[in-house]
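I've put the structures underneath this note.
Both complexes shown next keep chain A, but they swap its partner, so chain B is in the first and chain C is in the second.
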Partner chain A sequence: MSTSPPVPHAKPFSLPTGPWVGFIAVLVLFTALIAIKGELGTFLSLGNLRVLLHEGTVPAIVALGMLLVLISGGIDLSVGATVALVTVVTMRVYTAMYAASGPSPTNSLVAVAAGVSIGGVCGLANGLLVTKLQLPPFVATLGMLGVSRGVATWLAGRTVLPFKDGGTPEWVNTVASSQTEFTNPGLWSLVLLAILTAVLLRLTVFGRHLYAVGSNEATARLCGVNVTRTKLLVYTLAGLLTGWAGVIMFAHSNSGNPTLGEQLELDVITAVVIGGASLSGGKGTVVGAMLGVLILILIKNGVSLFNVPVEMQYILIGALLIANVSLNRWRQGKVS
Partner chain B sequence: MPRPLYFLLAATLPFVFGCGGPSNEQFTIVVIPKGLTHEHWQSVHRGALRCAADLEAEDGTRVRIMFDGPLRERDAMEQIRIVDRRVATGASGIVLAPQHSQTMTACVKRAADAGVPVVIIDSGIDDPNHFVKYVATNNYNGGCLAAHHLIGELKKQGKDKPKLILFRYAVGSQATEDRERGFEKTVNDICPGVVWLSTDKYAGATRDSAMREAGPMILQYGKDVDGIFAPNESSASGTADVLRSQGLNKKVVLMGFDASKPLLQSIQEGDIIGSILQDPYRMGYLSTWYCVQHLRGVNVNKSRTDMSESTGEYLVTEKNLNAVSTLRLYDPATQATRTTDELRYGPNGKPKP
Partner chain C sequence: MTPRLRMTGIRKSYGSTAALRGVDLELRPGEVHAIVGENGAGKSTLMKVLSGAEQPDSGTMEFDGARFRPPGPHAARDRGVAMIYQELAICPDLTVEANVTLGQECSGYGFLAAATNCERVAAALAQLGHAEIRPDAPVSSLNPAGRQVVEIARALLSDVKVLVLDEPTSALAQSDAKRLFELIKSLKAKGVTVVYISHFLEELEAVADRFTVLRDGLAVGSGRVGEVPRERIVEMMVGRAVTEQYPRTPHAIGAPVLGLTEVCGKEMPNGVSLALRSGEILGVAGIVGSGRTELLRAVYGLDPVRAGVVKVGVYSSERATPADRIGQGIGMVSEDRKEEGLALELSIRDNVALSRLGDGATFGFLSRSRLRSALSEVLTRFGVKFRDADQAVGELSGGNQQKVAIARLFHQRADVLLLDEPTKGVDVGSKADIYQQIGEAAASGKAVLIVSSYLPELFGVCDTLAVMCRGKLSAVRPVSEWTPEQVIAVATGSA
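Take a look at the complex of A and B:
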């Protein structure tokens, strides 16, 4: 792969098998464990499926952005802090407008737009640090993590910002409720964004450039790919996706909260890597990333529901990550 | 269609159609603390388990207690997720210690709308219409009690115009804000000459964060300050650590709230002058009891006119540290010897008329 010319993934339409193996392994493991306890009816129920989809929405949207960044050979450690910043900004804008003009749909629209834009601004800042200052993405986004978290805490006045009593707009309640998950706009926005991301990766020139830059940046540049522009764009896109995830988090948490999203970046990177993306770039698919998130959520859900000690979830996720990547390595070794 | 997709479809079939069998328990009560790390919540858990055991011994009612909370005390999102998850997966009732009085209202309402009764414990919630009962310490009284003891000790040292620090916990945490208000009000009432050196520092959720905040604060005021009130376990322990490390323990009078083994140790050694203890065991017991009674159709809140019940607050000092009246609040073995009547109906042991 690394010596070949910068074409997209060799077989872009093939499904990644690693994440499927992981997903089925986790599902079978939990089903078996829970069946022994005689509670399969709780785990494999429509109610729990709704909850799983609901809990997965935010990390899945962030994972789409992370996938783009990882394919380009970068990494984004700032997403968790950005999500927190977005919730705080959205709440600040909403309450300010609510105080000025009372309840009106424009408040929500402006607040959501502000939230998504602040996500985009954070992403753009990441992109500028990586391209203009030539910082390694790890360092640039680690710095942005601190900046975003700090600004979020400062903007929130070191506290959690709630809605004024009874001032919660209806859409927030709709998005926050998992009881009607199959018509939840948050979930459908994820479906739409996932399709768009897949189309972007597979059918557009930008998508091809992304794989090219991630596989071999020097070669891509020699072939005439505008590496700087591609990277700027990818970090900004990831930022906008994170911004949208932040808006959904804002609804789910019913607040602007600067402590939200701690370790979200690690969860999401884990999910995307389990889904077959590589930290060295040039690899990864939307289906894989979504499966990775599903595996993670499934583990958290199973551990929480069945009184398994909560520390088990970290051990399981860690072990699964290592097993999955080793499996991929081994398989590649057999091919070459 | 690639073969893995068939596997996936097969795997999701049971999700879609469900395959629940009847469980052999009558009630599943999910106890959701603010976090899992404080010993306070272990007592709540034991109290809930004791209630379940009592109910089964009485008339064979089977109550299953699920103890499920966020690992970290400030993980607000996770607590909301847990409530929703439990409502969706068949909890009969929920006992919840809300992390925030306003942000948790939406998920409590969702639970109530789905027909799952919620009993609120430990810390209040702003929406009064969607929970069944509120079982907690009267935190305002606890703050008053702390003020009386701290000022009393300082007066014994001849300090009639003490310089005090009120080291707050966090904004939006109703329980600790009540303690802070009770403390501040009582001190101003009984000791008009008081000088407040600092009342705007926040300890945050953990002992670590308390130490980070207390360090610079003690450096700044250490020479002047006579007394400090820290309104919960982590802030008191963190402050005690900082006082020790700066050699000011026993010189500065520190009053705490709640207990843990290290904190009680500090009281024994004199680094902390006293603490206000709650009765989390009874809180866990009573909340589970009310939840089950409500599920059985008993009108536990007199048609929403009697919504809250206090489980008491107790001053602990070096003197009564090992008395049974103190041990029963936190020591598992002593807790187990408490009588059912006392746990249900309070120190008199009789039902309220």
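Take a look at the complex of A and C:
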């Protein structure tokens, strides 16, 4: 008797994958519901689309970093607190420079650089805790969540730091405005970063190693992949992306605010997992993660437009997450 | 002839236990060299030293006459020494191409050279005679044999000179094993030295040129395969003359305790009927994938029974959970010790007691002392070698782990024992202990159903034998009415 061939038959066609199904479902549901109420025009208006993209920018950039970390088999719970810390540090540096030398473009450049770097430092710290102290990523980043939030609150003196009157730089206003969203540099930075992340994952050796480490760390090590360096790099990269997201947040909120980004980590993890990534690593794509963020923002926006109570928003997001992952599981079960 | 690789006086200790106590080994170019020995004899450690996964405490290695001391597996691979582990090292989420090239990707400025990589992989697979495996297929779609080929292709890509295979057939069906042997021969023809670790002496005769026997961290003998009789090799492995490989305890067969009528599972089994009587040891032969494991799982309630009746003693039911079956007196040992059979991080005590914790408890609170006394008897009977019962079961050797897994059924006081490959990856000494316990269980009136891919074992231990093929079970006949040739003919569907 011959045994089963090592290769199964090629799939005749491929069904749309999880995130697309969820996206289409949410879109159809909302369009239907809103059409019944006769508010379809508002929901699909250009203005509303602008708001959607505007609100999605920060979580989407954070989601890119989270995607990288999840693919490597880790998790980063500290992103929300890091975003808050970045806004505070950026504001502190900006106001200090402004006080010392008056209005100057250098102020903004240095402040933004400081903000992004502090994000990178937080990421590096996560990476060192995970690789050198061998802490589980959940514990390491949960600890960093507390530390970052605490440092942010301390640096801000337990208040919200505003710009000194008239000291708001022009670019902050530009980024903060959703009226001209399609030319918003914040949004275009997201597009650029998303493309770069996709290229990193698909075309580079580092991206390949990321999937390998997340899929089977022991095998990756055996095959000569520098697992420690890969992990250090991925947490640092995620930190830098979160740092950039923090700078956008700083502009959006026009302040350094230590209470920003609370539960952002949960939103972002939800979005990336809806987008097909797995908490056990080795899976995930940029397109999926971005769709996940879009679905999340769509639900939030749609629910407030539709005038349903806010609790529905939580229930919908939770149900969608569970339904989506179940669907993926069920489909995988059918394949194998 | 100058040796390809020479190991001299290799020593390695873990804490106070010496795994290797000065081993000498010589490998020639283009030979298949078998390493045999009981579990714990030091085979794995020696090969880990060779492949750079472990550093020896002392001793030297020479590769083609030059000093060889790889600081890690990658360094060893760069020199042309690669090892294929028993638990295959595969990234299940990646494609075949990504798995084969992992750690040795062709790239420029950090970017993958996709086309070149695919060509290299396709060439390596073709060279191995497996051109049907597509480089872009997800590796999770391959069966174990296919995954093994992927790993060998990985070694081939790095221009392997010495390839170490650690029990490569343990996960393979017979026909796949045959293809592997052909592959080994073709590697040998290319001048690759293959080190072959196995428990199956028949395999050595089929594939190896020379052999070295390890025992207690020492190389106790070596020679040319075919020149030394098998009994002598077994003697060297065990360190004493094994007069009878299959100890038998006289036992009488009684009334039926387990009856299956036309039992069908999800896909397999497909209409299986049999009657197992108390005091009977019934063997089920067949190739991997013939539905033997699925049969046991269906009987035990792990997989649904689609049609047919399972009758256990007085109970007759269509639906049952494993908990129901345990209550009815059935116990099962899984073929997959690491994933299913044992909770490796839990203690020996917890592992043995798991299926009958109730006896050691009062109102749900466990009594440690009561459990301890109940367990020590079972563990001693099986001759499990352990420090103390609180030790994690994962720290034991394979043979001792398996004894713990089987001892659970005895603690559970099961009347019907379903044993799936009970001696898989187990050393000769532990095997004898396990056979002894199976025999004594039958003598005390228990019924035993053994699934095994190792024919001599089935012939040595069982009273009756049936063969499974494509989900169907042949008639059950006394062992004396079967010949190994007949069994293989039925198993391969050519009877």
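We adopt the following convention: the second predicted complex is superposed on the first by the 320 of 336 C-alpha atoms of A that agree within 3 Å, B and C clash if a C-alpha of one lies under 4 Å from a C-alpha of the other, contacts with A are read in each partner's own complex, and residues count from 1 in each chain.
Everything below uses one rule, namely that a contact is a pair of C-beta atoms (placed from the backbone, for glycine too) under 8 Å apart; a residue touches a chain by one contact, two chains touch by 3 or more.
On a predicted model such as this, the values are computed, not experimentally measured, just so you know.
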Based on the superposed arrangement, let me know which partner A:179 touches: chain B (first), chain C (second), both, or neither? first
What is the contact status of A:50 with respect to chain B (first) and chain C (second): first, second, both, or neither? first
Just to be sure I read the superposition right, which of the two partners does A:160 touch: chain B = first, chain C = second, or both, or neither? first
Touch test for A:270: chain B only (first), chain C only (second), both, or neither? neither
Greater chain A contact set [chain C / chain B]: B
Taking the superposition as given, does A:148 touch the first partner, chain B, the second, chain C, both, or neither? neither
Touching both chain B and chain C, residues of chain A: none
Quick check: in the complex, which residue numbers of chain A touch chain C? 1-8, 203-206, 208-209, 211-212, 214-216, 218-225, 281-283, 336
Which chain C residues qualify as touching chain A in the complex? 53, 72-74, 77, 85, 89-94, 98, 102-105, 107, 110-112, 114, 130, 132-134, 137, 140-143, 145-146, 149, 154, 173, 175-176, 287-289, 469-470, 491-494
Chain B touches which residues of chain A in the complex? 15, 17, 20, 23-24, 27-28, 31, 38-51, 54-55, 157-160, 162-163, 165, 168, 172-173, 176-179, 249, 252-255, 257, 259-262, 301, 304-305, 307, 310-311
Parts of chain B lying in touch with chain A, wherever the complex brings them together: 2, 4-5, 7-8, 11, 14-16, 18-21, 23, 36, 66-68, 71, 74-77, 80-82, 84-85, 87-90, 100, 102-107, 110, 113-114, 126-127, 170-172, 202
